[in-house]
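Across the two complexes that follow, chain A remains constant while its partner is chain B and subsequently chain C.
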Partner chain A sequence: MDVRAQISMIFHLDKCIGCHTCSIACKNIWTDRKGAEYMWWNNVETKPGTGYPTKWEDQDIYQGGWEKKNGTIGLRGAGKKKGLLNIFHNPNLPVIDDYYEPFTYKYLDLIESPAMDDQPTARPVSLITGKPIDIKMGPNWDDDLSGTPDYARKDPNLHDLSPVEQEAMFQLERMAFFYLPRICNHCLNPACVAGCPSGAIYKRGEDGVVLINQKVCRAWRMCVTACPYKKSYYNWHTGKSEKCILCYPRLEAGYAPACMHSCVGRIRYLGVILYDADRIESTANTDTGNLVDKQLDLLLDPFDPGVIEAAKENGIPDSTIKAAQYSPSYKFIKEWGLALPLHPEFRTLPMLFYVPPLLPVMASLSHQDTAQGEKMDPIAKFWNDNWLYDTSTEDLWGTIEQARFPLKYMANLFSAGDEEKIKTVLKKLWAVRIHRRNVTVGDIAPEKVERALREAGLDAPTADAIYKLTSLAKFDERFVIPPAHREQAIEMLEFTGDTKGSIGFGFKEKAERGL
Partner chain B sequence: MKRTVFLFVFFHFWVNGVLLAQNGAQDLFNTKCGICHTIGKGKLVGPDLAGVQDRHPQEWLLNFVRSSQKMIASGDSAALALFEQNNKVVMPDPMISDAEIESVLAYILENSAAGAGAVAYTSIIDGATPEDFENGRQLFEGRVRFANAGPSCITCHNGLAKTFFNDNSFSVKDLSTSFANLGEQGVRAILENPPFPVMKQAFTGKNLTEAEVHDLLVFLKKSGGSGAQAKMPSGLLLFGLLGAGALVLLYSALWYSRKSRSVNHGIYKRQIKSLN
Partner chain C sequence: MQNLFNTLNNFFLIGLPYIALTVFLVGSIWRYRSTKFKVSSLSSQFLEGRQLFWGSVPFHMGVLFLFFGHLIAFVIPRGVLAWNSHPVRLIVLEVTAFIFGIALLIGLANLVYRRVTNPRIAVVTSRMDYFLLTLLLVQVVTGLWVAYNFRWGSSWFSSVLTPYLWSIFALQPDLTAVSALPWVVKLHIVLAYLIVLLIPFTRLMHFLVVPLDYIWRPYQQVIWYWSRKEVRKAWTPWSLQRPKNN
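Now for the complex of A and B:
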């Protein structure tokens, strides 16, 4: 057992309101520079939709991530052989039009315009060429546009859904969407690290943050191809690749990353997780069906004395172990089983987990024109003038099984196609709601509440704990950041005694007594 | 006495002057012209100059000798015709004064009648052996140095193996057709006493020996062959076109799934269309 520590994140999608505050916070701190204008280390996508860069999930286009062949995994579009063959022309790179051409407006024209008959306008100018452009795309161009043929219907996650199911999703009356905020997943088996020919990318030992060494990077851009989440970006101005650094300077100072700190919906949680590095290879190589289970198995119980002992042997400080025991991530992922990785089938073992959104409630109808309804697909619902919009349901899990989104769609996102896993999580979320409604309103039969909790595999105290961390959690409960112990790190590099006594007040000119 | 001295001096200078002038013209002819031309002994590299005054006016001859290349460049028909007749071998400018040219022309006129009747040239390389050819090759390629330390031929010359890619009919440097164009007599004359300024400079005081000239002639004759232009094999062009087409198809198939344009191409295209 090789115990290591990893900072792991939880994004609770039910709470995301799609305000993009996280993106702006990140942009203002890190990527508001020449060459980085098009980068959004943090972005928020509308799902169903194609995201940013467009269709990033479609690895037939971008050739990112790992693929399993002959029992072992290899990088799909990068790596030693493919990387060398394509090193001077990498054909799978996203182009600037796959992201968008960054732009600003000539605001000064509004202020400096002379008096005219017409109002002055601020023309958009490209941040790359500096010339006026017609804006064609933005990083969240499809924001809230779910259902549109150009974006939602081209969502790569629809690939397993039948045409009938897809059509039903995009009926005007049933249409729904949710937001998917994304940052670098700081994976346990990062494809970008494996793809880099220069060895510039590394996973920090103490907290698992994946970083690109700007001095070593040689701009081969293999990480851009290799990362299936397209979270490594090439800076055309500096000639280096860049990616989310999980605000490590803030983490080291005990602050939450800017995107998390600024999150309006408080959807984000961050904490340390202990994992077994010996099993990374076997986990990444496992069959697609077992990927999620095996990945969750990697994560170790921080209360287990054996794990604590092994962690101490590996030099993990007590403070980090303690932080792991209080980690909200550990609770969401392991204790409650509510969080799932995004696209585990890319086999990078992402360490950012999502609590899937409880699907929108589907109304039932009191009266239907059956004659008309029979002509339509069984999934499609016919609405007529006599409808009664009713969201209550006799069946306990009816809203989950007859969801507006087919479960398959959510499963393609979060569990490599395993609908049961999604259903389990959604049942738990739903059971917590039923339980809390019983506690606060009390209009639900106790038997029904009990049955809901039992079938979801929860008990009342756990449901309360989930409710508390989901809805009422304070800053220190959402972000349990271990001390970075920089004082130890610096002593590995230099002897601090050298500078002892050399600070404080001094004299530029020698002090003399008297006048 | 004074007169005697004067006459003596005058006579001395007169005799010397005339004789020297005559000797000078002959020397000039031999060093500047005789390598490529004869007077009444047949064609070498250039035409036989016997009776050249009958063929061209004096003024034209003066201009031509001064710089034949300028005449050709100016499009003089007689000059062009000569150039064509003599395998487009450029006649180097002799770099001598007009007076000297006139004296040489006078010398030619004087000797036109005397030297009439071409002398048949007898080949010196008829009984050549493969060893001679090999020696010639070694000398040409510089594997063996010339006895008098002259520079090897390959320093400036190439193109012995004539291919259809190498289709310059006769360049200064390409010797592949030299033998066919100039004949043994012409090539030999050049080898023994180079007329071309650069070559002359290079071989001043470093003359080739008789044996070396012999071996080089054997080599040039054989390797230069008949000088016939190698023909492009029929069907090569077709093969090239079909091959190129096949490669395009092959790579199109191999890279069919390659990302060739932006994923948003369709959307952008439509947007641009709606702008217009």
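Now for the complex of A and C:
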């Protein structure tokens, strides 16, 4: 057992309101520079939708991630052979138009315009060429467009849904969507690291943050292809790749990353997870059906004396072990089994986990659905405009099965197609709601509450704990950041404000492009 | 007149190679050590990918073949001569090399065209890039010209130029054979020195950092600042320890 510590994140999708505050916080700190304008280390997508870059999930186009062939895994579009052979021209590299051409407006034209009959306009200009452009794309171009043929219907996750199921999703009255905020997953088996020919990308042993050494990157741009989440970006100006750094300078100082700190919906949690590095390879190599289970198996119980012993052996500080014991991530992932990785089938073992959204599911009941309506409690019918929040149907889990979002769709996102897993999670979320409704409103028969909790595999105290961490948690409960140990934190020792806005973190050299 | 000619010969064929090599060696080491951030292949594929294929791939293939061709003739001239002793083999070699030369020219032409016509690429093009492209273009054209007009290059390179180049490296420059060569050949040689000289000041730097160690490196890289075995021991002397990776 090779115990290591990893900073792991939870995004609770039911709570995301799609405000993009996280994206802006990140942009203002890290990517407001020439060459980085188009990068959104944190972006928020509407699902169903094509995302950013367009259709990033479709690996037939982008060839990202690992694939299993003849018993071993290899990088799909990069790796030693493909990476070196394609070094002169990478056939799988997305180009700027797959993201969008960054733009600004000529605001000065508004101010300096002479008096005219017409209103002056601020034309959009490209941030690359400086010439006027017609804006064709943006990082959240399909925001809230849940049913559109150009975006929602081209969502790669719909590929194995039957036409009937798809049509059902896009019926005007049933249309639903949710937000999917994404950052780099700081994977355990990172494809970007493996794809980089220069060896510029590495995972920090102490906390698992994946970073690109800007001085070693040589613009072979294979990480962009290799990362299946398209979270490594090429800076066209400096000729270097860049990616989310999980705000490690903030982490080391005890602050939450900027996107998490600023999150309006408070959907984000961050904490330490202990894992067994010896099993990374065999886990990434397992059959698709077992991927999620095996990945969760990697994560170790921080209370187990054996694990603690091994962690100490490996030089993990006591404070980090303690942080792992209080980690909200551990609770969501392991104790409660509520969080799942995004696209585990890419086999990078992502360390950002999502609590799948329940609300769109619940909105599946409509006034017209008399069959369901008859089963409902009078209290649920009380709001007779719509029966959206029916919490007491006769058959407890019926609404989950008839969800507006087919379970299959959620499964394609969060469990490599395993619908049972999604159902288990949704049942738990649902049971917590039933339980809490009983506590606060008290209109549900106790037997029914008990049955709901039992069938979901929860008990009342656990349900309360879930409720508390989900809805009431304060900053210190959402972000349990291990003390930095200044004596070990090297990046922290450099003064880094100097080059803000020019080159990125920790540079004293000027951000000049090579010759 | 003869004197001037001699001086020029001495400068370009004896002085320049030494200057070029020194500048190349010192300059590259300086550049790598002091401005490491700027060492990059500066790929522009992200801004334009399709045209680049028809430029970059034939260009690099051509360069690689011809560079190693020249290198082999320099290192094992006798081997090349022995190979060329059979006319069929000689022609196969010459024709292959010429085809790669043409590929190089086509690639280069495409690259120049792309840089000049694509407004996005123009943004990431420096004056040095234009200069370098022009230089390379002239170099390739003279190379093809020489190969076509003064046959058979692979043979006379091995017997005339190789001794001259060796004499440079042996610090006993001997111009007797080269000074009689036609001016195009000399131009080709001089431009080659110039290109070597320019390496530290151009994007050509990237060929010095070709990531060959990728072949034997393990895929995953984890970096620990401190030794994991020592970090928790009370007697670890921090003042004496240096963290890795910085």
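Just so we're on the same page, the second predicted complex is superposed on the first by the 454 of 515 C-alpha atoms of A that agree within 3 Å, B and C clash if a C-alpha of one lies under 4 Å from a C-alpha of the other, contacts with A are read in each partner's own complex, and residues count from 1 in each chain.
Keep in mind that, in the parts below, contacts are C-beta pairs under 8 Å (C-beta built on N, C-alpha and C of every residue); 3 or more make two chains touch, one makes a residue touch a chain.
For clarity, every value in this text was computed on a predicted model and none was experimentally measured.
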| item | value |
| --- | --- |
| Chain C versus chain B on the shared chain A, clash or fit after superposition | fit |
| Vertex chain A, arms to chain B and chain C (CA centres, degrees, nearest 10) | 20 |
| Between chain B and chain C, more extensive residue contact with chain A | C |
| First (chain B), second (chain C), both or neither touched by A:D118 | neither |
| Which of chain B and chain C A:R204 touches, first, second, both or neither | second |
| Touching partner for A:E447 - first (chain B), second (chain C), both, neither | neither |
| Which superposed partner A:I61 touches (first chain B, second chain C, both, neither) | first |
| First (chain B), second (chain C), both or neither touched by A:K312 | second |
| Which superposed partner A:V95 touches (first chain B, second chain C, both, neither) | both |
| Chain C versus chain B - closest C-alpha approach in the superposed model, Å | 5 |
| Doubly contacted residues of chain A, that is, touched by chain B and again by chain C | 91, 93-95 |
| Contact footprint of chain A on chain B as seen in their complex | 255, 257-259, 261-268, 271, 275 |
| Residues of chain A touching chain C in the complex | 79-80, 83-84, 88-91, 93-96, 128-131, 189-190, 193-194, 197-199, 201-206, 213-221, 224, 234, 236-240, 280, 312, 314-315, 317, 487-491, 503, 507, 509, 511-515 |
| Residue ranges of chain A in contact with chain B within the complex | 50, 53-55, 60-62, 91-95, 97-98, 134, 136-137, 150 |
| Residue ranges of chain C in contact with chain A within the complex | 35-49, 52-53, 56-57, 59-61, 119-120, 122-124, 126, 128, 201-203, 205-206, 209, 211, 213-215, 217, 219-232, 238, 243, 245-246 |
